[in-house]
Structures are given as C-alpha cells and as structure tokens.
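Structures are listed in the sections that come next.
Presented sequentially are two complexes of subunit A, the first with subunit B as partner and the second with subunit C.
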Partner chain A sequence: MNQAMKTDPFILRRYFALAIKNLRRRLVRTSLTIAGVALAVTVAVSLGGFMLGYRGAIDRSINMLGFQVMIMAKGCPYEAATMMLKGGTGLLYLPSDTYDKVKSDPEIESITPIFVGVAQKQGSGIRDDAGATNFSVISGIEVLSYKVMKPWIALKSGPGYDGGRWFEADSKTDVVLGFEAAEYEQRKVGDSFYASIAPAGKPEPVMHEFKVVGVLERTGTQDDGTVFMPIDVAREYFGRPAQLTILGIKLKQFNAVKMREFETRWLKLPEVQVVGLQQVKNTLVSLVATAQTMIAAVAVIAIIVALIGVINTILMSVYERTAEIGIMKALGARRGSIFQLIWLETVIICLIGALTGSILAVVGSSLVERAIRSIADFGVSGSIVSITPQVIMYAVSGAVALGFFGGLYPAWRASSMRPVGAISKGV
Partner chain B sequence: MNDFIIEGHGLKRYYQRGNETVKALDGVDVSIRKGEIVSILGPSGSGKTTLINLLSGLDAPTEGTLVIDGKSAAGLSEDELVEVRRGVLGFVFQNFSLLPTLTVTENIELPLLFLGLQADPERTRRVIDAVGLTDRANHLPRELSGGQMQRVAIARALIIEPKILVADEPTGNLDRATGESIIALFKKLAKEDGLAILLTTHNTVFGSQADRAITLEDGRIVALNGPPNKLPLH
Partner chain C sequence: MKHVIPYLVLASLTLGQQLFGAIGCTLSNPAEDLKFLYPEMTSFKEELNEFPRLKDGSSLFKGLKARLGSDLDSIYETYETPYTVYIVFKGSAKIGIVHGVNVPGKGGVIQVFLSMDPATAQIKSFFFQRLESPAARQLRTKEFRAQFTGLTLGDFYKHDYYAAVEPAAKADRVAAIKPPALEATGLPDYQASLRGVRKNLILLDCFVFGGRFEPFFERALQAAGKAKVGKD
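Here is the complex of A and B:
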C-alpha cells in the first residue's frame, strides 16, 4: 500500500452515500418500508399531540373559569363537568339561600352566584333548522363578584363599542353580550336584543326587548357565547325568583385537604354537590382516556409492524447482496465496516420515515382535530391537538432508536458473512 | 531474508459434508515471489479455488503453515485474516463482481472506503488508463462488456497498490480474444510494476504463459513447470 495515500476524514459521508445508493436500488420496496414507518410515526405523533393538546385545552378552559370549586345541584358529574365548560342544557337549580349560607364560610376568598337559563332567540327561531344557534345561553350574574372571580373580563371599545358599560343590578332592560354572541347577532352597543323566555311552570314564552349596553372582549371560554344580565332580573324572567345554578368559589387555600374539608362542610346541605376543578379535570380526562388507550394500542401495533417491515426489508437486501458483501470483505472491509453500512441503511429508512410521518401528522392535525371533535365535543376551547416540536423530537428519536436496535440483527448477519462462502454463491 | 510474498507449506483444507470428509486440498506447498505470475491449473473440482482462497487469506487452512507478506495466516480467525490481506492483496473474480449501482470510478475507488483512505482523482485516472477504460469512467457496469467489466475489477484491485493480485478464473467468462487481452494486461502489470500475480484458469494456453504453472488433481500438485531455477523445491 502506498504510504502517500491519505486517510479520509469524511469517511462516514461516503458510507452514507453508499447506503443511500443501496436503498435506491429497490425503490419500491424501500418506499413501502418508509411508508410503513411514516404511518406509524404519524399515528404516534398525532396521538402524542392529542394527549398533550387535550390536557392543555382542559387546563386552559378550567383556569379561565376563574374558580376552583363550584357548588351545584346534585346530578351526574359528567354533566356537571361539561355544563360547567359549555354552559349546557339540562339545568338544575339550587335554592338561592345556599348562597347566603355558604358565603359565610371562613375559608372562602371570593364567591359568585350564577343563574343560567336558556332563551329562544327572536328572529332566527322559525326560519332556521332546529339547533343550538336558535338559543341563547343567558347568565344572570352579580357583576361585582363576577369580576372579582374573572379579573380578565373586559369591555370592548372602538367604533360601535365605545361607551360600553356593565348593567345596574336592578336594570330590567340592559344586557352585556359575550364576544361571539355579539358577533353572531351583529349587535353593537346601543342596539336592541330580543329574547323570548319561558318562565318556569308557564307554557307560553314571553318576549323581552333588551338594550345592549356593553360587549366583552374575547376570552376563549363559554363566556364568549353568553348573554349577561343582572341575576335578579334573570331569576324573575325565568320564573325562579329564589334559585340559582352555580356558586363559583375561590378558596383562600386550594389543596386536596382544604377541598375535602370544604366539601364535607357543605355536603350536609340537601340537593347540593361540591365539585372541585381537579375532579372536573379528572372526569374530562377519563372521558377520553379510553379513546386514547385505543389509539395508543393502534400506534404500538403500527410501530411493531413497521419495525418488522424494516428488519425484513434490510434482511432481504442483505441476503440478496450476499455475494456483494463477500466481495466487499475481500476488498478489505472489516466486519465493522459492513455492520456500519447495513446499520446505516436501517437508520436512514427509519429517519426518513419519521420525518415524513411527522410532516404528515402536522399537515393532518387540523383534520384529526375536526375528526375528534365530530366524534365527541369535549367542551374545551382552543386547539385540542397540539403537535409541539418536542412531540416530533420524541417521535423522530424514538423511530431512529427503533432503527438503531432493529438494524443490529441484519447488520450482524451481514457482517458475519464469510467472504468465501459469500462470493462462491455468485452474483 | 527470502523474497517470497506468499509461502505455504503442507496446506490442507478439509470440508465436512455429513459424515464424509472432502479433502479439497491435501498437502500442497506453494510459494510465490514478488513480480512473478503463477497460474494454477487443473480439472474442475481439483481444488484450484480452494487453494487460491487459502493463499490470499480469504479462508484459513485446516492444516499447514502459511505466511502472507511476512504475517502468519494459519489458524487465524476471519477477523484476523482481514487484517492480513487488507492493503496487500487485490482480488479479481470470475464473475467480475462489480457493484451494479456504482459507476466505474466509484467501483474502482470502493476498496479505499474500506481502508479508510481518501480517493485521489489523479490516481484513479492513472489506474483507469492502465486498464484501458479511459472513456468509460462514468459508466455503470451494465453498460460495459464482459471484458470491460473485468478490466474494472482489475483496476479496482490495483487502486490500493497491492503487492499481489489474486484472480480466480479471470478469463472464465470471457471469449478467447478478450481473455488474451486480460492476460496481456497481467503480464504488463507484472513486468512494469513488479506485481506478483496468482491466477487460476482452465485454459492451458494461458496457463503456459505464466512464469510458473501449478497443476492440481484431487487436492494435490501433480505437475510443476516453469524455469527450473524458479521452482520452489523444498
């Protein structure tokens, strides 16, 4: 060997180029194998994004409620959970003196009573098909304590909204609209707003004309779709003068112990349930946990199938290249060189598959989001599939790690081929 | 110090086939000097390939002593044998054995990759010129004739500047005229570069053109010819 020949500092790049050439030899087979990996990674990334995004969405929605505990009429906890976030139907009511009783609890930092009712919108009820859009969710609130609970709530300003204000506690005509409610109805400050409300126990709804005195900024919560009016007025119109729907409560100290203490103190009241937000969160999480487990199982199966596909492809190509590998050994390739080459081919397949899969998952995430929401609306606002760079990083490094281990066996088989036996099999 | 590049004594290679022992080589002495062409002749199944595999360190003898370029090769494992032949031996096979996805140039430079050496375009061109493939440097193997492919294989063996070129039936898949041109190339390389060349062939005419011819039958040497002063008699 000539002493003048230099060692190559970019040797790995040349192995890489050779590996790529080998993979391109059977383009269809390689592509199918990559597609398998991509599919598995797509499922895994979407699932990871969903798990992460969903929890984030729940957290956001719950934090935006402003309170950590609520007292409401006894009922299904699932319903309670979704009602709390969606302001849904099937409303149950508490006697309003519950407020006076609970208010005195020394552990309470702040408390706000809310009366929720559903009114039929005027002007859109007949023409449109039946649906949620025909109804308005009306919240009767006590402005002062409500604002303490949700300090971020703000009145919109700008053309058409200037002069916006909250209503007086005894005003029978003033309402404040949430951002979306105003947008949907195309109402601005000073406009009229009509709603027909059926008082409890009476068959005929009564038409009311209100004046929009303020419009709220977007909050990203169900407040956006709500029509606010004074709690006493709402009670009167809905024919429930001594009732309320929810007591939103912020405790001075919020932890499991305090929560339990608070709960036992007030569960003695009949018809009352005390719901902690942690509980709500758990309920919502368990709602989708089964679905997530199923998707996870699919992801695991897809990954296993993809890995078997990769190993199979590489093994096949190793056996096809038995003679070639023997020749490379005769040309001076050490066991390690062959190992490196075959192993590199496996990792490349997994890496390309993982990158393709991640791109597919990102591109398809809005589709996935829509699909999930169409199957079940979880009552959380904001994106429920959040594919972060971290999720992608995990998926890609996971796939590469699988390639890393999956490639060991074929690479070992190839590197153990003997030059003589390999060559005599012919090309 | 002698000038033998390969020295083998009492070489045996037995294969176990079921209960039967196949004595592919049964006690052979062969030594090869620098710059000489040695051909191994013999009928099919006589042990030519087996012998050339042993002498080139592709396979280990069952019994006997073997020294390649000053290093003992007997009783070595597969991994140890690589170290003995790396950079010392260049191989040419009957079936040309080029990598189909690599161009002529890339095929020729492939051994450098395994030796961790940088390819030098100037050198590669010289080797390509030496085997007469100047205008085919960027072709793929499937675009070449059998004789051209064999020339690529020879160039690939030469790129590492080996001390000995080993060729198992290099002309076996070639027509007569092409085979002759390959043999002529070998002679030129031995003469000009002082390369030792060890080849097997069925063709006695090619065999007789070598400095020495060793004829095998049933794993034993049955005839040695060549200049008497060069005979490795022990």
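Here is the complex of A and C:
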C-alpha cells in the first residue's frame, strides 16, 4: 500500500469511495446491518454512562454528607433497618461521653454529634384503624459544628421563607425543616409544626408544638427530609439525655492508613463501630456492579450478534461479487488491494453504526435514566446516567476495532479468490 | 452477604431519600384504599388534573378563591398543583369518585378525602388521610365525619346564601354540622378541615361534574352582594 500511495497519493480516498459505492449497492441490507451495530453501541454507551453516572452520583451524595467517618453504636444499622422497614423506634444510641472522648483525637479536623429520633405521625391512612405509617426523622444537632461539617447548608429565602434563622441551642420550641420536610408538611417560616414524640420507655407519644424558624435550601441529601432541633432538646424529648446516635467526623488526612489507625484507636471503646463512608460507597458500588455485570453481558451478546450480522453482510456481498472480484484480479488488482477494500467496507459499517448508536444513546439518555429509576430506587440524587466524550470514544473505538477483526475473514476470502475460478463461478 | 447489609442500610439512611413528589394529594395505597371504600369495586382509573392543562385553567383557578371564600396559600395551593381523581368501576359501571386535597393545618398538612356518588355529586364519605393535630382523635370520629354524608357543593353555596339572607335557617345543612368537642388548640384544624371539604368539592365540580353547582354559587354571590348593599 505504501508503494501504491507513493504512485497515487489519492489511493486511500479512492478505496474509500469504492467501498462506499459497494455498500450503497445493497442499501437496505447495509442500513439494517448498520442499525444492528447502532443498537448494540446504544446499549453499550448507555450502560457505560450508567456505570459512570451512578458512581458519580454516589460520590456526590457521600461528599454531601460532609463527614468521612461515622462513629455509631454497634448493631446500629440493623436497628435502623427495623426502623425503616417496620416503623419501630429501635435505633441504638451511644453514651454521649463518647463525644468527649473522641473529640480530643489529634487527627480530627472537625466533629459533630448528631442525635436521631423518629417521631411517629398520627394515623396516616384512610381507615379508622390506620396505624402510624409515616414518620418524621428528627435530628438533634449542634448548629455550629454541623455547619462546619456541611458548609453548603443554607436557609431558604423568598416569599414564605424570609426571616429564616437557626435555633438557639437551648430553644425548646424552634425547629428548622429540611426542604422536603417543609414541602411535605406545607410549612413556612413562622408556621407551627406538630411532632408526636414517644420518650424512651413511655408507651404513648407526646405531641409537641414547635415553631418553624427556618427552612433549608434543597441539598439532595437526607437532610432535605429532616426536622432539625437543638441536640439537647431532642435528647430531652426522646428521653435520652445522655445519648447520641452518630458522631460525624472529618479527618485532617483521609486515606486508608489514617482511617485504619483511627479505627484501631476508637474500636477499643466497647460499644462503638467506626464506619468509613468509603466502605459504604464500595459496598453500594459492588452491589450494583452485580446488576451492571448482568446488563453488560446482555450488551456483549448484542455486540456479538451485531458483529456476526456485519460479517454475514460482508460475506454475502463478497459472494455476490465473486465474478467482479475475479475480473478485478484479472485486470491486475493485487491481493492486498482486494483485502483492503473488503476490510474497509466492514470498518465503515461499524464506524457509521457506532456513531449513530452514540447519538441515539446521548439523545435517549434521559429516557434510559427514567427507565432505570422506574426499575429500582438507587438511593442517590442527581443524574445516574452520565455519557461523557470518553465513553463515546471508547464505544466508537471498540466498534471500529471489532470491525477490524470482523472484516478479516471476509477480506481474506475475497482476496484469496483465483481470478479464473472466481469469474467462472460468478458468471 | 451479612457484611453487606449494614452498609446497605446505612447507605440508604445516609444517602438521599426518595424525593417527595409534587405537592399533590394521592391515596397511599390506591388499590387497597379504594377496595376498602368500595368493596364491590372491580377496577379503578386515576385521572390527573392540573389547571394549566385545562381550557380556561387560569380563570378557573382565579374562581377557586372566590368559591372557597378564603385566600389560597401562595406556595402550596398554586396554579400548578396536580389533583388526582380516582374513578371507581364495578364492571363498566362507574360507582364512585374519590378525591383528596391538601390543606395547611395548624401544625402540618391535612389531607382531606371525599368519596362521591358519581350521579348525584353527594358526599358518600369523608375521611382524613393525614392529620397531625391535637384534635385528630375527635375529628376522625365516625360521628363527626358522618355529618357530611349526603352533602353536595350546593349545600355549601346555600350555606353562604343563608348566611347572607337568613342566618340560622333550618334548611342550612352546613350550619347544622356540629363540631366535635374541641379544645381551643384544635379549632384551627377543624376549620381547616371544613375548608378542605369545600375546596375538594369545588375542585370536583370543576374537574368532574362540569360546574353543576355554579347556579348556587351565583345565587349566593348575589345574595351576599345585596346584603352588603343593605348594610351600607
């Protein structure tokens, strides 16, 4: 080919034009083959976008928590599961002096204590015997340290929300509502808010009337659905004056070694577990990865089917053009030239299919996202499908590379034909 | 797997919860709830209604305030609020209509649902889905709620009429509703509940019954106008 290019600098363009001309001869067949490749690439790009987008969404959500490490009571997640699934109020609590012990750790950049309690809503169904199926998650916090941990938290302003402020540490009547808690309860700044709280050890909840002194801007995290009040007041109302639920911690240096050291230091406390949010993230990613692997398998099958379709189309084209190829060879076309021509046809089909598929994936990404979300709640906010130029580049390169390999056999068959035999066979 | 569960649960606790939808009012378990209300039900249909999608939606929304007799909340009772009407069937026969509205109560939202006779537009039953209030127990009693059975939007408009021309008229069925024994803290939620019933009926008249009770409203409006002129 190098020799040919030296003698004719436009040889590649001529090959290309000839390949296109050949493909256009059987336009319907070529189009269907391209559609097959496009479909496979659409699936592959959407899947790649989902994998990337989901990881990004988890990262964003974890980062929006503010802290990298949590200290909580052992078994707490199981209790939390009971709370969420059964509507119980069985969260486990830490002794509040854990905070005093841990906060002196020299590796800690910032720390915030959080008390979480669940206020049952009164009968929330249409039946007379409707039990409490709705809950308000109440977080008792220390405003200053909480804001240090989550500097993006802001009070909403505008009609209905102007004049919003945080509560005083000793205020027993003021609450700040997360964006969705306010929306769900249709509360504005200055409104009253009822919460029925069952103190520890008491069978009947006590209804408290609070004043909404602020509503938070939407954060896309669990804070949106939370009712905030001073930590000491929450502890008092829940009848747990010397307990807390979580210590949220940001370390000065956060890496695997520092995390391990920190964990080792504080696991000596008998009643606590130290959980790095990286672990949570990895677990989530690995769980979804199983599903992603299955979808990826489907995508691979689609790609293989599409590739077989491409090979079949080119082979058929080669067989149909047996006489023509024989004549070309008889007229002096070299084996390499025939090989390159057929090979190029395969690659062109794959390239056009890949580009079309990528465009389809980008255009349909919102539909894909909606479909994925309708199947399962992934527990993260923000977009979970992110189709980046890199994803498209990988998909297109992969399709073209498969075209290279897929085109080898038809190109070899065509280039191996003997002129006389091919002409007589094809006529 | 056992190791995975804590992290999964923790993640679901710490990561964003499922977002609440637009501020509409829907049944928590439509199939179950409707079967409870209409045991003979064989199927049901949900119809989403929004003022922006209605012909003359803007003027209908403006009319809502006049018919309700009170201001609409500028944030939570907006033009864009969606309303879901449940239509209940037995075979192909329409046997019921169920619709709920949100009204701001004193300490939280109140969800007021009505099940209606599709032919007469009378209330078959009135119930709360969400009600957090010191008066919740009293307001949820069957005795109190049963007083609304058989009422129509026309009765509420007639109540306006009687209030203008003949207060304490015996024919005023709305005035005859006896509030449950409430402490002062529960009164705002009682009033919000009444407002919720009325708002619900007005919306149903608009979405389902084709403005059947508009003549009653016109009459009440005229009576109120005359009464005002008389006073002046």
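The working rule: the second predicted complex is superposed on the first by the 327 of 427 C-alpha atoms of A that agree within 3 Å, B and C clash if a C-alpha of one lies under 4 Å from a C-alpha of the other, contacts with A are read in each partner's own complex, and residues count from 1 in each chain.
Heads up, the rule we're going with is that contacts are C-beta pairs under 8 Å (C-beta built on N, C-alpha and C of every residue); 3 or more make two chains touch, one makes a residue touch a chain.
Every value quoted in this text rests on a predicted model; they were computed, and no experiment measured them.
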Would you check which partner chain A:Ser196 touches, where first means subunit B only, second means subunit C only, and both and neither mean what they say? second
Is A:Asn134 touching the first partner subunit B, the second partner subunit C, both, or neither of them? second
Quick one: is A:Gly220 in contact with subunit B, with subunit C, with both, or with neither? Answer first, second, both or neither. second
A:Ala330 in the overlay: touching subunit B, subunit C, both, or neither? Say first, second, both or neither. first
Pick one for A:Leu65: touches subunit B only (first), subunit C only (second), both, or neither. second
When both partners are placed on the shared chain, which of subunit B and subunit C touches more of subunit A: C
Applying the document's definition of touch, where does A:Thr322 land relative to subunit B and subunit C: first, second, both, or neither? neither
When the two structures are overlaid on chain A, which partner does A:Asn22 contact: first (subunit B), second (subunit C), both, or neither? first
Applying the touch criterion given at the start, work out whether A:Gln340 contacts subunit B, subunit C, both or neither, answering first, second, both or neither. neither
Of the two partner chains, subunit B (first) and subunit C (second), which one does A:Leu277 touch, if any: first, second, both, or neither? second
Going by the contact rule set out above, which residues of subunit C touch subunit A in the complex? 4-20, 23, 27-29, 33, 36-37, 73-76, 102, 104, 106-109, 113, 127-134, 136, 140, 142, 185
State the interface residues of subunit B toward subunit A in the complex, per the touch definition above. 49, 53, 58-59, 78-79, 82, 85-88, 91, 93, 95-97, 99-102, 110-120, 156, 160-162
Subunit A to subunit C touching residues, read off their complex: 58, 61-62, 65, 70, 76-78, 80-81, 84, 121-128, 133-134, 159-160, 180, 183-188, 191-196, 207, 209, 220-222, 224-225, 275, 277, 279-281, 283-284, 287, 377, 379-381
Which bits of subunit A are touching subunit B when the two form their complex? 1-2, 5-8, 11, 14-15, 18, 21-22, 24-25, 323-324, 327-335, 337, 418-420, 423-424, 426-427
